[in-house]
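Going in written order, the chains are labelled A, B, C and D, and every chain counts its residues from 1.
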Amino acid sequence: MRAAALLLAVALAATVRSATAAPAPLSSLDVQPLPNDSGQHLHVTWTRTAAPAPGTATVILRARPGAATPDLAPGRKLTAGDALGPWTVVGVLEAGELDLTDEIEADTSYLYAGAEVLRAADGAITEASPVTTIGPRAAEAALFHRQRTAYLVIVLAIGLLIYWYVRAARTKKDLYIRRLPGVDAIEDSIGRSTEMGRPVLYVTGLEEIQNIQTIASLLILGYVAEKTAQYDTDLKVANYYPLTMVVAEEIVRQGYANAGRIDAYRPENVLFITAEQFAFAAGVNGIILRDRPATNIYFGTFYGESLLLAETGFLTGAVQIAGTAELTQLPFFITACDYTLIGEELYAASAYLTRDPVLLANLKAADAFKIAAMIFIVVGVALATAGVFDLGAKVFP
Amino acid sequence: MKEHWSDRLQRFDRRWIFLVMGLAVVVPLFFPLGLPAKPDRMTKAAFNAVDALPEGARVFVSIDLDPASTPEIEPFFRAVILQLKRKNAKLVFATTWYQAPPLVDRYMRETIEVAIAPAGTAGYSGLNDRPYRKNVDYVNLGFRDGKGAIIQAFGSSLRLAFDNHADDGTALERIPMMRGLEKLADFDLIVLVSAGSPGAKEYVQFVGTRERLPMIAACTAVSTTDLAPYFQTGQLIGLVGGMAGSAGYETLVGKPGAGTAGADVLNIGNIVVILAIVFGNVVYFAGRYHRRQRGAS
Amino acid sequence: MKKTLPLLFGMVFGAYAVIEFYIPHHLVGSLSDELRSWAAILAAAAFIIGGINILQVTWPKIRRREPDWQYKVVLLAAAAVMLLAGLPWHKLGDTPATPTVLIEAVPGPAHLVVNAPADVTIQVGAVIAPPRPDGARYQADVGPGTVEVKLSRRVPGYRTQLAPITITDGQRVTVTGDPPMLWGREGRVFVWIYDHIFSPSNATMFALLAFFVASAAFRAFRARNLEAALLLGAAILMMLGRAPLGRAISDVFPDLAQWILDVPSNGGRRAIMMGAAIGAIATALRIILGIERSHLGSDA
Amino acid sequence: MTELPFVDVVGFWVATFLTFCCLSFLYKDNPFYKLAEHLFIGVSVGYLIILQWGDNLQPKLVDALFVRGYRALAEGGSLDRWWVMRGIALVLVVMLFVNALSRRYKWVGRYPVAFVVAFYAGLQINAVAQSELGEQIKFSASTIDAPKVDLNSAPLDQLTSLPGGSPSIAEKLIVERARAPFTSVDDAVTRPSLTAPERADLAETRGHLVGLDARAAVGPGEHDRFGIVSNLLLLLGLLSSLVYFYFSVAHQGVIGKVSRFGVWTLMIGFGASFGLTVQGRISLAIGRAYDVSGRTVGPTDAARIHSLPVAVVCLLLVVGGIVVWELRNRRRSGKDSA
């Protein structure tokens, strides 16, 4: 009885097998290293003689050299990452794709194998084509990313321009810089605070020390500290990040030292409030309302709290000077502050203030690059519109 | 002589405006206008990007927000999660905001591990979703600090960035769905729920552009102007701006919620501000005219 | 000397960070990852210094009973509580991740009993056991096989208990558990404070802006000159165009808003972006080349 | 769903109270605001330190150095080069602490600071050069021509990106045009296979300067005139704004005029930004109103919390308190003057 059933089953299985013919092997399999690669990727491509029958999947495997041809016996279930003896399944692709990129160990070469398989509903292999193998192949780690040449050029160009103008500045003094009213206002307002006997509040913005705006702000802080030291006015510095506070302390001390008033320097006036945006805003509002500074200077990166600070400052009738490259906050500073440095003006400020030829040279370099960029854009537009070729896409792949 | 009305209004107590604004926010809660919320082009693009994903796509979701910004983008988050779950997408979550982790945990409990739209959800037309299982259907990598640098690290290796384990301490190699998900480039789509910095902007700057990643972002209304250029250049393939955008997205997904209701209230608030501006200008010009007159006489 | 060496130290890493971008080689990649970790570590460590600074600044004020000193006490106390609640005290005791499982041979179909306090949600397989009025906990005949029992509390801060149960006919399995309370970042107290003190304060401080924006609009948005007029014109159009209201009035508003966003706004923005970018690159180069050194403080 | 524990009910009450404490700032600085402010700052500081410890210092420093190192040695292995690198990080951290705690050896702290600042400056350079300069220049330098999308030949993604378009609509259009090429845009958007809502979406975007008719055609070689004008304006806006940021010349004469146009562009941008921000900020207030009025919790919880009555009570508490405080101030100032 049972034997009969078994026979029947075998017979059925046989008919099923004969019904679905084994798929044809891959007509070709190739493995190539990728350009501009970290040395951890290989690009596997293959071709078929005919379009794959529906339900056909391509299995790609990888192994160290010396491995025997993998055995894709019926009944196996394969998913990417599985081990098959010495072989590792790289991928099982259904959609009839013709390539994949494999991530591998660096500085090691691999064999690759590929085959077409038919699978049952549960993913188990029912039929497999003969296996095509190739290799060994190893990835190539590039030492220069060709597609990024343009950016290197940009950086080098700016660098060289700085160098060039620094030399120019050394030879001929006083390069012209257009006026920045916001910056001119700083010293007057410090003077005003002195007359009113009220402190100056300086906020270094809401970004870490690594943020360029924060750095620009700290550069200006040096100058402000020097002035307040000369005028003998209290300077309170509110910091959002402790690391910024550490640096701000150094800078303020130096400012006082430059003014020869190191004795007047009080480290407890350089505060770390907290690094939670609105707790910080609340804290600074507290300072504005209770210490009543006559000058509030907001230089650096600011976010939502900008208006919160500026409006509170406006209430206390303080002179407010703001500067940020944070586009979204500029309108609020513009509406609620007396003076606002827009975007790049913030970076220009330190140069403008110190009149240090090196810094001025820096500005000049930036300006020169702007011209270059504008020319590039105009030419690019002209060429592209004329349909000659797409300069932008050529230069920045 | 008697002070001109415009002068008096010039220095009238701004706290009256506060009061009006307060009413404008509270009253409509009880008497809504019921204006329909329509998606704008950038929102539609975001929706289409998700809609075009294949079944079981692998999606990286970065939840960079704090409690303050939830009203604006949480509605989008709920909507997009529903849309992704309907596609059985494998989800990987992370955050770069230290204000976020407890919030993210709550989202996992309230939106991922339960069905958002179980059969018979009122006012919902689309497919139903299912509860997701931790480390099977989704992984929460948790929080890492470090602004742009850490986002760049996501781009090169998630394992390194998250010290090789998920938020609940499970080693990443022991999570099957993390197979082949080494870095951001391995995902089919990256969804940025981004309330500010670090967020969508940093993703664009430090990885998106570099790796040509398909990224959609939901941001606060404020950042919309900031990110719009990136949408124009295709560095972001979709952008959902603020509560209005979220409301539009809810409409597209077919499950109106807090966003749609909020956007309705928004109208009144906008009217108040517009009136404030107009009023301010009337006062200003009246005053100027008055001074001219006096100057003339 | 005390300044030159650190400067050189910085210059080396700065220069590396610049060229790193142009070298795809994997060794470079992993080194960069390592250096990023350094930066993250330093930033994190600085927070402890920040805490110390706050203590240094506020403690004297309290001691000298300066005005508002009471609030400073609140500040320090709040910080202390949060720090204490944030430490994983539960690791001192044992917090069972699985409930206790008792298997008895009882004739009849496979029977499952789950005992847990009333406020615990019992989930058997995919089913969530409805809370029973008589206070008795879950018990039912289940088909033989494997089922997962999940004990959890609805509020955060408790460890969810899981127990995979294999049960056959003629067995009664009794699962007894109580999700233990946690401390630390996922802990009950920490999350409570976050949810009910941190979140509302954070959100409300931000919400203040809604009011300030209105008053700023009244005060500052005067069409004094063409620039100001353009500014407030665009603002009003945006407000109409991006809210349902505008579309309700006319379809023109949304399109107009989108156009303003796409054309003039993006034009100006891109300019600021590029200008700022150039400025940033220049400033950064200055630091890396050692021209800029004020962040290293004075030799004094 | 089990019942909400009382502790959390109280939590909601506390939240409501704090909300009004913060809002009282709108009136003026007052004890309630001060309380909320200091509580908030304190909590945030504790919170931050815990998170920084748990997510950075512990895994990246403590575990990486001591736990991993110990394991490596215990297993008789040796410490790899990455372990040594982390060691350097530890040294830098120590230097940072020396800087904060010691006057005499403050200079030691310059090493970590120099590292962080310079390293990030380096990273920024390329990030910015690529996405803020390269990509933007690339985009700006593209053609100002705006050809219409040819419904009869355009690929899927172009059709999808059309106003009112979507992947499904695009696919249907491709099928339809294979069946019979479109004779007009109207023909395209009224084909039978499109569902009613899809047609509605498309119909809505018809007949605008920026709508479907402006962007799509049924033949090649047509141009979107308004699109061209827009592109031109975009370019001019960009260039003139760049001129505004040119520092090396006085803004007079031609330069002055151009930069003036730049300023206009910028101002429109700021206006747009402001308008959007207004929305954002109001949304936040709305969010608070939702929480306080108990709309963000389930009905059963809401019933336990009694949001509205509690809100009223808290409001009265704060208002009453401020009144008392004001009266006290009055009396005091009265005494002073007397």
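We take it that a residue touches a chain if its C-beta (ideal position, glycine included) is under 8 Å from a C-beta of that chain, and two chains touch if they have at least 3 such contacts.
Small disclaimer: the values here were computed from a predicted structure and weren't measured.
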Can you name the chain that lies farthest from subunit C, using the mean of each chain's Cα atoms as its centre? A
Pair of chains with maximal C-beta contact number: C-D
Which chain has the mean of its C-alpha atoms lying nearest to the mean of all protein C-alpha atoms shown? D
Quick check: how many Å separate the C-alpha centres of subunit A and subunit D? 16
Separation of mean Cα positions, subunit D and subunit B [Å, integer]: 7
Chain-centre distance (mean CA atoms) for subunit A and subunit C, in whole Å, is 20
Of all residues in subunit A, which are in touch with two or more distinct other chains? 148, 151, 154-155, 208-212, 215, 243, 246-247, 250, 274-279, 282, 290, 304, 327-328, 331-332, 335, 342-344, 348, 363, 366, 370, 373
In subunit C, residues with contacts to at least two other chains: 18, 21, 29, 37, 39-40, 42-44, 46-47, 49-50, 53-54, 68, 185, 190, 194-195, 198-203, 205-213, 215, 217, 219, 221, 231-232, 235-236, 239, 242-243, 258, 261-262, 265-266, 269-270, 272-276, 278, 280-281, 283-285, 287, 295-297
What are the residues of subunit B that contact at least two other chains? 18, 21-22, 25, 41, 66, 68-71, 98-99, 101, 144-146, 149, 152, 221-222, 224-226, 229, 232, 241-242, 244, 266, 269-270, 273
What part of subunit A is in contact with subunit D in the complex they form? 148, 150-151, 154-155, 175-178, 208-212, 215, 243, 246-247, 250, 273-276, 278-279, 282-283, 285-286, 289-290, 327-328, 330-332, 334-335, 342-345, 348, 363-364, 366-367, 370-371, 373-374, 376-381, 384-385, 387, 390-393, 395-396
What does subunit D use to touch subunit C in their complex? 1-5, 7-8, 11-12, 14-16, 18-19, 22-23, 25-26, 34-57, 60-61, 82, 85-86, 88-89, 92-93, 96-97, 100-101, 106-107, 110-126, 128-129, 132-133, 136-137, 139-140, 204, 208-211, 230, 233-239, 241-242, 244-245, 262-279, 281-282, 284-285, 287-288, 291
In the complex formed with subunit D, which residues of subunit B make contact? 15, 18, 21-22, 25-26, 29, 41, 44-45, 47-48, 51-52, 68-72, 98, 101, 142-146, 148-149, 152, 163, 204-206, 208-210, 220-222, 224-226, 229, 232-233, 235, 241-244, 258, 262, 265-266, 269-270, 273
Could you please specify the touching residues of subunit A with respect to subunit C in the complex? 36-40, 106, 141-145, 148, 151-152, 154-155, 158-159, 162, 166, 208-210, 212-213, 215-216, 218-219, 222, 241-243, 245-247, 249-251, 253-254, 257-258, 262, 268, 271-272, 274-279, 281-282, 290, 304, 307-308, 311, 325, 327, 331-332, 335-336, 342-344, 346-348, 358-359, 362-363, 365-366, 369-370, 373
Subunit A - residues contacting subunit B, complex: 80-81, 103, 207-208, 210-211, 275-278, 301, 303-304, 327-328
